[in-house]
Amino acid sequence: AGAGEVEENMAAWLVAKNTLKIMPFKLPPLGPHDVRVRMKAVGICGSDVHYLREMRIAHFVVKEPMVIGHECAGVIEEVGAGVTHLSVGDRVALEPGVSCWRCRHCKGGRYNLCSDMKFFATPPVHGSLANQVVHPGDLCFKLPDGVTLEEGAMCEPLSVGVHACRRAGVGPETGVLVVGAGPIGLVTLLAARAFGAPKVVIVDVDDHRLSVATSLGAHATVKVSTRDEDLDAEVERIQAAMGGADIDVSLDCAGFSKTMSTALEATRAGGKVCLIGMGHNEMTLPMTSAAVREVDVVGVFRYKDTWPLCIDFLRSGKVDVKPLITHRFGFSQRDVEEAFEVSARGRDAIKVMFNL
Amino acid sequence: AGAGEVEENMAAWLVAKNTLKIMPFKLPPLGPHDVRVRMKAVGICGSDVHYLREMRIAHFVVKEPMVIGHECAGVIEEVGAGVTHLSVGDRVALEPGVSCWRCRHCKGGRYNLCSDMKFFATPPVHGSLANQVVHPGDLCFKLPDGVTLEEGAMCEPLSVGVHACRRAGVGPETGVLVVGAGPIGLVTLLAARAFGAPKVVIVDVDDHRLSVATSLGAHATVKVSTRDEDLDAEVERIQAAMGGADIDVSLDCAGFSKTMSTALEATRAGGKVCLIGMGHNEMTLPMTSAAVREVDVVGVFRYKDTWPLCIDFLRSGKVDVKPLITHRFGFSQRDVEEAFEVSARGRDAIKVMFNL
Amino acid sequence: AGAGEVEENMAAWLVAKNTLKIMPFKLPPLGPHDVRVRMKAVGICGSDVHYLREMRIAHFVVKEPMVIGHECAGVIEEVGAGVTHLSVGDRVALEPGVSCWRCRHCKGGRYNLCSDMKFFATPPVHGSLANQVVHPGDLCFKLPDGVTLEEGAMCEPLSVGVHACRRAGVGPETGVLVVGAGPIGLVTLLAARAFGAPKVVIVDVDDHRLSVATSLGAHATVKVSTRDEDLDAEVERIQAAMGGADIDVSLDCAGFSKTMSTALEATRAGGKVCLIGMGHNEMTLPMTSAAVREVDVVGVFRYKDTWPLCIDFLRSGKVDVKPLITHRFGFSQRDVEEAFEVSARGRDAIKVMFNL
Amino acid sequence: AGAGEVEENMAAWLVAKNTLKIMPFKLPPLGPHDVRVRMKAVGICGSDVHYLREMRIAHFVVKEPMVIGHECAGVIEEVGAGVTHLSVGDRVALEPGVSCWRCRHCKGGRYNLCSDMKFFATPPVHGSLANQVVHPGDLCFKLPDGVTLEEGAMCEPLSVGVHACRRAGVGPETGVLVVGAGPIGLVTLLAARAFGAPKVVIVDVDDHRLSVATSLGAHATVKVSTRDEDLDAEVERIQAAMGGADIDVSLDCAGFSKTMSTALEATRAGGKVCLIGMGHNEMTLPMTSAAVREVDVVGVFRYKDTWPLCIDFLRSGKVDVKPLITHRFGFSQRDVEEAFEVSARGRDAIKVMFNL
């Protein structure tokens, strides 16, 4: 923007099925506890693609044009009067959900379950694929030197893995199975390693993704099919891949009957299965044989309180998310269209990132 | 037994499908930490009936004649040299499972998951429907005055409800749904009340059982069908029956797709569903919609460390199991046959008890 | 207030040591999530008396005149635009602390530890002994029919006992010792009973308070001295008073070397001691003999998320706080002075209550 | 031992104050679940030295000559009929305590609190500084290739640090303070690092021990005094050494008023202080200021279920105990005497090890 002119804030709007348009986006006023952030890195999540294709996820329906994007980091441009922990120029990663702080979940320390959550790019709330956004300061976390803005944006997907590992109690005594090696499976693998899991086996139907998993630190990979009749043999191969260790925790990052059944059967008595993937809602599962071994199932919905830990994992090198960023784009209309195409196509694309 | 004669110890043997025979049962030698108990009250459990009908439950197969029965109480007749907390004449309730104390589960405080468990009337281990049994002294719990031997025998099924309430964290802040009002559902209701649950709603397909539940302290009952298409409406009726309170914990004491789906849907975000019933192994469930509300599923396998609490519940009157004992029999061949008939028939029979 | 006039809001101001004055108190503007409450019942807490006597507690110093009072209930007179769960005329109990919802403690579910807490009558924040106050709506909890406003005000001290029982894990398997039978010891006794503690022994140096404890449901009382040399014998008497049960949890509601030492010594291996009382800061304690029995010490600071449970305890009759209210006053200058005198004098005064 | 002769089993007997004698030690018969182990590496613990100097620790008094030693590893020479997981020739580390498996602590998963524990070299139970011992097979843990027998013996002290980290909940989000850099402080530092603690500060009065701590991975060290008046300034220096991170957990491995006060004051609100050291029993501590910040105190008594994790830490290299072994001796009378002298003298001696 030239001297004296006010730059117009542009954003990527989801206006109709398969249609994204870069258009002006008027920022709300800056509250006393808010900050204004210039976006620098925004990743594309599977849910962004899903909204683009379907204009809905479950009962969340895009009825009005909505700015897309929620995995993001940027630079502080303005701070509200009550914000003391951030200054103009600070590089920050943004936690995308603003909860109500009045409901039982918020007060009880599980704010991710807030039924009044306002979450970037979950209709009717606008997202963050924009030049600038206004956001509560306490949801913006300063990045230390040595952690890039792209890595900052990766805190969002990484948070899902971190929250899953916390809920499942992954630690240095936990033999881990990860089912599904998509972006979420891979960050979950990274998180499990960072929580100290001494052995992590990961399975997928796709060879390429398994090879990425190996390069990210999986101890063993098992290629599986989508056929139910292979389940028993696959469970045996998975357990064998643990090399004598028990599977204490299985993290299902796909979310189908087959994957959850695999997880339930493979996990030792007294262990836990964590359901992260949302492939299907209805699943047919061997529940009683799990229950009598007291294999518990814990759900995962996003995350809470994860940014400081994610940033520390990145700073210390316990987690390296950079290999996950396979494609980069600018912020032109054409860039946005292409980037979503690449992300939707999958294959070798893991994380597609905008540099604004 | 006349003076000078050694009385022959008789037991009820499962010798073939639908065939129980009272026959002599030779007791093992008394170890230093064992006691010999004269059985006085033995209840019939659904699993006893199942073994009688099928000669198996899951992979536990009755290959040799086996003494049946495991819900029991009696009077100490002899104590091993190392037993200091019991004396001849003490009235005791027996915990039926002897675990190995060497495996990870035993050492870790979850001995109910011991893979080397020796459990009354789980083949090939003999049960306790006998004049006398030899059992480890630390699994025999003295009954205080005012708690009858029949009540002592009821500690076994009550323990299932207690273990479920513990695993699910039922307390004075927990709105509870119990699904299924059979013997296990009813003891679970009693346990939930004794753990302080301020509101317990119970559902069943059977009016009589619901009326028993009401008389035992359920705050509301909901009659349901076995049709899947009624599920949504039933969940609404169940939630309405809570009178504004959330369902924090659902305890499924039936164990079918329909009942678990009901439990998962009815439970609030952040709540727990506890699976106790074993109606079917395979269940088709709305897993993702449960997981995104972080409704966790916890399994229940029998119990651990429950007898002292059960006895205290009985002593203090917090739990009254006496209304559950609907039928009583002696220990003749005919009694045994009739008692199992009555128990298997169900209807108004809840707990059928032998008085030996 | 006559028609057309605006009634002036009056409050009891702490203006100097031992000096309370009823003076006008200008209310802050009503925010969208706030409510305006007409105070009806306000209790006097030991800390109110302490501020009156010393103008400080620890590093909290009364530098400017401050409205006193924080145990309170009243009737809604006005609701902010965003308040949906309350209506004018609702009778409510008020939780006195407004936390920041931005710090790690607030986000992590332990908002009582918020370092930015604004708490009624903790300087420099004004209290609630006033005709009216403005307060966040989510900290006002509707009282059901049958729970009086005085009982509503008692939710505040009761909350301390509830929070202590939660932190210590009191339940139907917990043998409990309460040390100190002042107002806090007594509400802790009531809370422990309501959490299902099967046996509660309470000790004090004062016979009258012990007799109140007995009438409130203590199973046994033990009169103790303040002499260190009596400790061992007193521990024996306390353990004997449990009648064979272990002391799993001790709740020290006095807070002296003698009382904490008693608690630590009396508690079984693997048990917990909860420190609520603040008699002295420095204590001399047998720490190693506690540590090698893994008797843990848990602290208590006020409470969090306790009002709904307290109200349910009152509604259901599991807790009856009415016997604790020993004195009642109106809201004239003379009433206020006398009421604080009575409360400070102690003796048979347990809770002194204003009816406004 | 020559062909045909039966070798005589020799052990180091504590026969009187400051007097150890190598004398024959008759082995008990091998039970079905026992193994006979040829000892290869035995470390000297502070408690061994204490028994040598005082013939007692607390109420454990050496009344009869007792074989000393309990940190040990060796090679299996014979296995009982019921032992299936070990074979002759296996290299194993020994967990020294045999608990009763009948008391509430054993059944509840806290067997370290068993009041009937039989523990190597805790009178009247013999220890393991002997050519051979007989021990329960389930307390002998096979060492993988690459983990030496000396490292196996180090599992014992390491277990104390592991148990402390578990009880205090140390993980990748835990800022840690270790107080005291003796052998126990150093293994606790190693354990905290292995549990993922991102920052560990350690303090001692001794420069040499702090330099060892640095070489073992402490992020910062703070030299402190034993003077109470330095406490506040030292707490400030300790907090500064954390470089902005909170101290979430403090682990006191010394156990004096000064060290526990330091730990309590330095730890953040909501954190934990773990008391491992047993310097003094009585301590004078700022308990109320800790309690109102809900800084809890957790005790540590030995360990439970730690060997598999310790061995995995050694195998994977997450923990390297080798630098702690500063002195080595054989098993002659003179060796034993000198080794205990060196260990008792302290200074640069951290762990003194026998190679048998």
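Going in written order, the chains are labelled A, B, C and D, and every chain counts its residues from 1.
Everything below uses one rule, namely that contacts are C-beta pairs under 8 Å (C-beta built on N, C-alpha and C of every residue); 3 or more make two chains touch, one makes a residue touch a chain.
Not measured: the values here are computed from a predicted model.
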{"item": "Least step count from chain A to chain C, where 1 means the two chains touch", "value": "1"}
{"item": "Neighbouring chains common to chain B and chain C, by label", "value": "A, D"}
{"item": "Pair joined by the larger number of C-beta contacts - B-D, A-B", "value": "A-B"}
{"item": "Where chain A and chain D are represented by their mean Cα positions, the distance between them in whole Å", "value": "42"}
{"item": "Gap in Å, rounded to a whole number, between the CA centres of chain B and chain A", "value": "43"}
{"item": "Contacts with two or more other chains, residues of chain A listed in rising order", "value": "108, 110"}
{"item": "Partner chain B, residues of chain A touching it in the complex", "value": "58, 105, 108, 110, 112-113, 115, 167, 255, 260, 269-270, 275-276, 278-301"}
{"item": "Chain D to chain B touching residues, read off their complex", "value": "33, 101-102, 104, 106-111, 136-138, 304-305"}
{"item": "Complex contacts: residues of chain A adjacent to chain D", "value": "171-173, 194-196, 198, 308-309, 312-313, 316, 318"}
